[in-house]
């Protein structure tokens, strides 16, 4: 039951072949079996989830017309507020905090009858590419428990991959949904900036953050996308336009005549051979379906990483200033308010967070603003322009999602720059505000670990992602004969 | 040996910069829907947004934008076609986000001016104060310091924070440097704040009560030797809570700076605190270095680009400017300049206008407000508007005097009675038994009595010596306890004694 | 090729003060060398960001997002104080504040 897609679960529920309560309990059982090894969850809301499931069952038995996903379980990245439920953002400084309000994403999920099982592990305040920066513990990749599940949303993707939940919510600031999806063999989407409300999404980098769907199939991701997206008057940066018809696009899955642009700068040196091979094969598949492959060049992408590691820390240095031990969260230390503030922030924030706060404070300081933050914002314009020019030549752009497959836990944790390089292909998307999806392209031959195929589309054209993604997924499934996740050596 | 103001002015040329913060009278806060009414229980008008809870996001109050544009237009500013919010980053427990959402290099209104007519000992002087910018920001929470001696921050054991006021919309109005005021600097500063206050009140955008903090003034003062072009070092004075304090603070700072400069020392660039009771300023906590606010554009808010149509629509709804209103009233009432200035200075113009609207003759209304009432207000050191007498009361009194039911002397007593809280004019009249004796019979009886008591004086009058009647009139007034209409007494008396005016 | 920007240990110490984080001596040591490396890598943005390029603060060209001036329900006092490390008489209780209000 737990190995089904969310779409199939939804159908079974609708046909009353299974109850929401049974489905939810089955998932909690799965979690209790495997999560001691995977460690995807930080908190399980057993009572709340079962009550929500029972409520769905009651309404269904009364003959109510329920939304498609009603009764389907979901794992929520611990960066989204859920009223009364511990929300830590993977940090000690928020350990034990129970928000007095729901994020709009959660409100939308509840309205759709989705059952939230619990909160998933993440790099502290979404800063990282491996989930090793969680203040609590790392999460382990279900494909190989000695390896990272990606980050910052490693918990969500690992949970999907380990069948602990069919759906999950992640957030993506520089690749934090897509890169974990790539290394766990699952699907992850960063919607167009403004497509999903950020109200209740604890901010890391406000002009880059976006919540999005994680799932095992493209159609599942589309169903979740439609459930959470839409205008929110509580978020001034949210788009006031109808949600793109992504479910319809996922069902259409037709790339005949589609112009696909391969970004020259996002391949070659630094990319693992197996990753590149799978990428090439996927391109060939799309080509065989009638798509036209062209090469595009985005020279400013060479500066994307640098711009990102100025903009994101700058915004986060300001966003994280509110954690000062005065109104909520951890309070430690003695003396004056200032001393308590300083000591709490020292004890409550981890290494990477402190590093970025200091970097951001520097980049914004008077005298340095123009050279650093100011320049990075200009590079952003160049990146937007490169995307715009490329989207004139092609309807979607593609690249490998991440340069390598999952590395070992501990391998890169002492080398910040090496860690940052994991996001080299995903970051440009966030800087421009456009949308992108990662879906599995297969296993890299060297290590039999999953590699991801990234599809990018212009702002508000999220449907193009799902159309092309579903087409590729269908062909790959046919090629493999079975879902990729069934090829995992120890997927428990 | 303290230096005198006159000496200061001979040697130095003052330069001012005034920053005024206005709390807008919107129903909800700047970035969220929490109520703005005063006096609620602590932390009952807060939400995730104004508490700065993780994950919260601001949404701009459209009315606040409208009000700010109105203020900019009233101050002759240009409205920026494109303006942005910015984060001003610094840590303080009364700031939930530890940054203030404000505006930095792209404010909504720029380059305006305000023309002032300042009443000085040398007559009415005109000054134009140029306005650098008008921008929007949010207010902080309020802290109570517990354990210290005076409830002030120094020496307190701990503090208690209430965030009800966090997020209240504020508009900041910043002048360009104000030069060329010379010895009138303190008066110009006061006149500026007053005129600004009147404009804001007229616009209906704020209740502008300085004592309550909905209008706050920070005064920047520097001195330079007369004739010098280079600006001196300035100090910023806060906690200036009344118009009178504006004048006093500027004056005090000018004298203090002069004292320092006179000794050949440098003025410290610092923030100072004005003390109402001493009229002096004391230094705030000196900071080792100026705080770097690390301003950057607020990513959670999108730019403000008001359309030309919207701006013109707001402009068309602007009320009459106070200076235009004053000219109009002056013409309508035929008031000489000096009296007009006196009314403005005593802050009774609104009260006089209101009294006139309720039927009082302008000259008579003015006479009361500027005369008896202003006298009592000065005695009690409060503004006339705070006394318990209203334009309605004054209009009534004017009416009664006009009808002859009150003499001027009685009316003065009624005014005093009303101010002392004895009730309405009618209440006072009844309570004290004031009744103008105008009944001829009663008057004649008193007249007969007076004539009988002073027959020789009466004889003088009969013989044509009219001025002598004064003594008899006085006697009659005494007899009637001052409640007789003096002019009526006079004419009746003369008639009785066979004389006419 | 940009030269390594100098970020000294005392720079980092000042930044830590500005960011209200009380760092240990060894943290300051490590951080200054790590940051020097990172800054070297990111400084290249100023190479390409020359001339009349407009900076991008918002990915979307949205303007004029306003709300009506209407009162909406607030949190209850209890909810507002629910996460407070300390409270008294309906207010957040914080230790003695040394600095003067700005």
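As written, the chain order gives the labels A, B and C, with residue 1 at the start of each chain.
In this section, a contact is a pair of C-beta atoms (placed from the backbone, for glycine too) under 8 Å apart; a residue touches a chain by one contact, two chains touch by 3 or more.
In this text, all values refer to a predicted model and were calculated from it rather than measured experimentally.
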Identify the chain pair with more contacting C-beta pairs: B-C or A-C.
-> A-C
Looking at mean CA positions, which chain is nearest the middle of everything shown?
-> C
Report, in whole Å, the distance between the mean C-alpha point of chain A and the mean C-alpha point of chain B.
-> 58
Just give me the whole-number Å value for how far the CA centre of chain B lies from that of chain C.
-> 40
Cα centre of chain A to Cα centre of chain C, whole Å, reads 24
Provide the list of chain C residues touching at least two other chains, using ranges where the numbers run on.
-> 18, 20, 57-58, 60, 62, 65, 67, 75, 80, 92, 94-97, 99
Interface hub residues of chain B, defined as touching at least two other chains | 48, 51, 59-60, 91, 93, 159, 161, 292, 294, 299, 301-302
Set of chain A residues in contact with two or more other chains = 97, 99-101, 207, 233, 236-237, 317, 321, 324, 326-328, 337-338, 341, 361, 365
Given the complex with chain C, which residues does chain A contribute to the contact?
-> 97-101, 193-194, 207, 233, 236-237, 239, 300, 303, 305-307, 309-310, 317, 321, 324-331, 333, 335-343, 345-346, 349, 354-355, 357-359, 361-362, 365, 371-372, 374-382, 384, 416-417, 431-433, 459
In the complex, the residues of chain B that touch chain C are 26-28, 32-35, 41-48, 51, 59-65, 82, 84, 90-94, 140, 143-145, 147, 153, 156-163, 271, 284-285, 291-292, 294, 297, 299, 301-306
Please name which positions on chain B make contact with chain A in the complex.
-> 48, 51-60, 87, 89, 91, 93, 96-99, 159, 161, 292, 294-296, 299-302
Could you pull out which chain A residues touch chain B in their complex?
-> 80-81, 87, 89, 94, 97, 99-101, 103, 198-203, 205-207, 233-237, 314-315, 317-318, 321-324, 326-328, 337-338, 341, 361, 364-366, 369, 373
Complex contact set, residues of chain C against chain A = 7, 11-12, 15-16, 18-24, 27, 31, 34-35, 37-39, 41-46, 48-49, 53-60, 62, 65, 67, 75, 79-80, 82-86, 92, 94-99
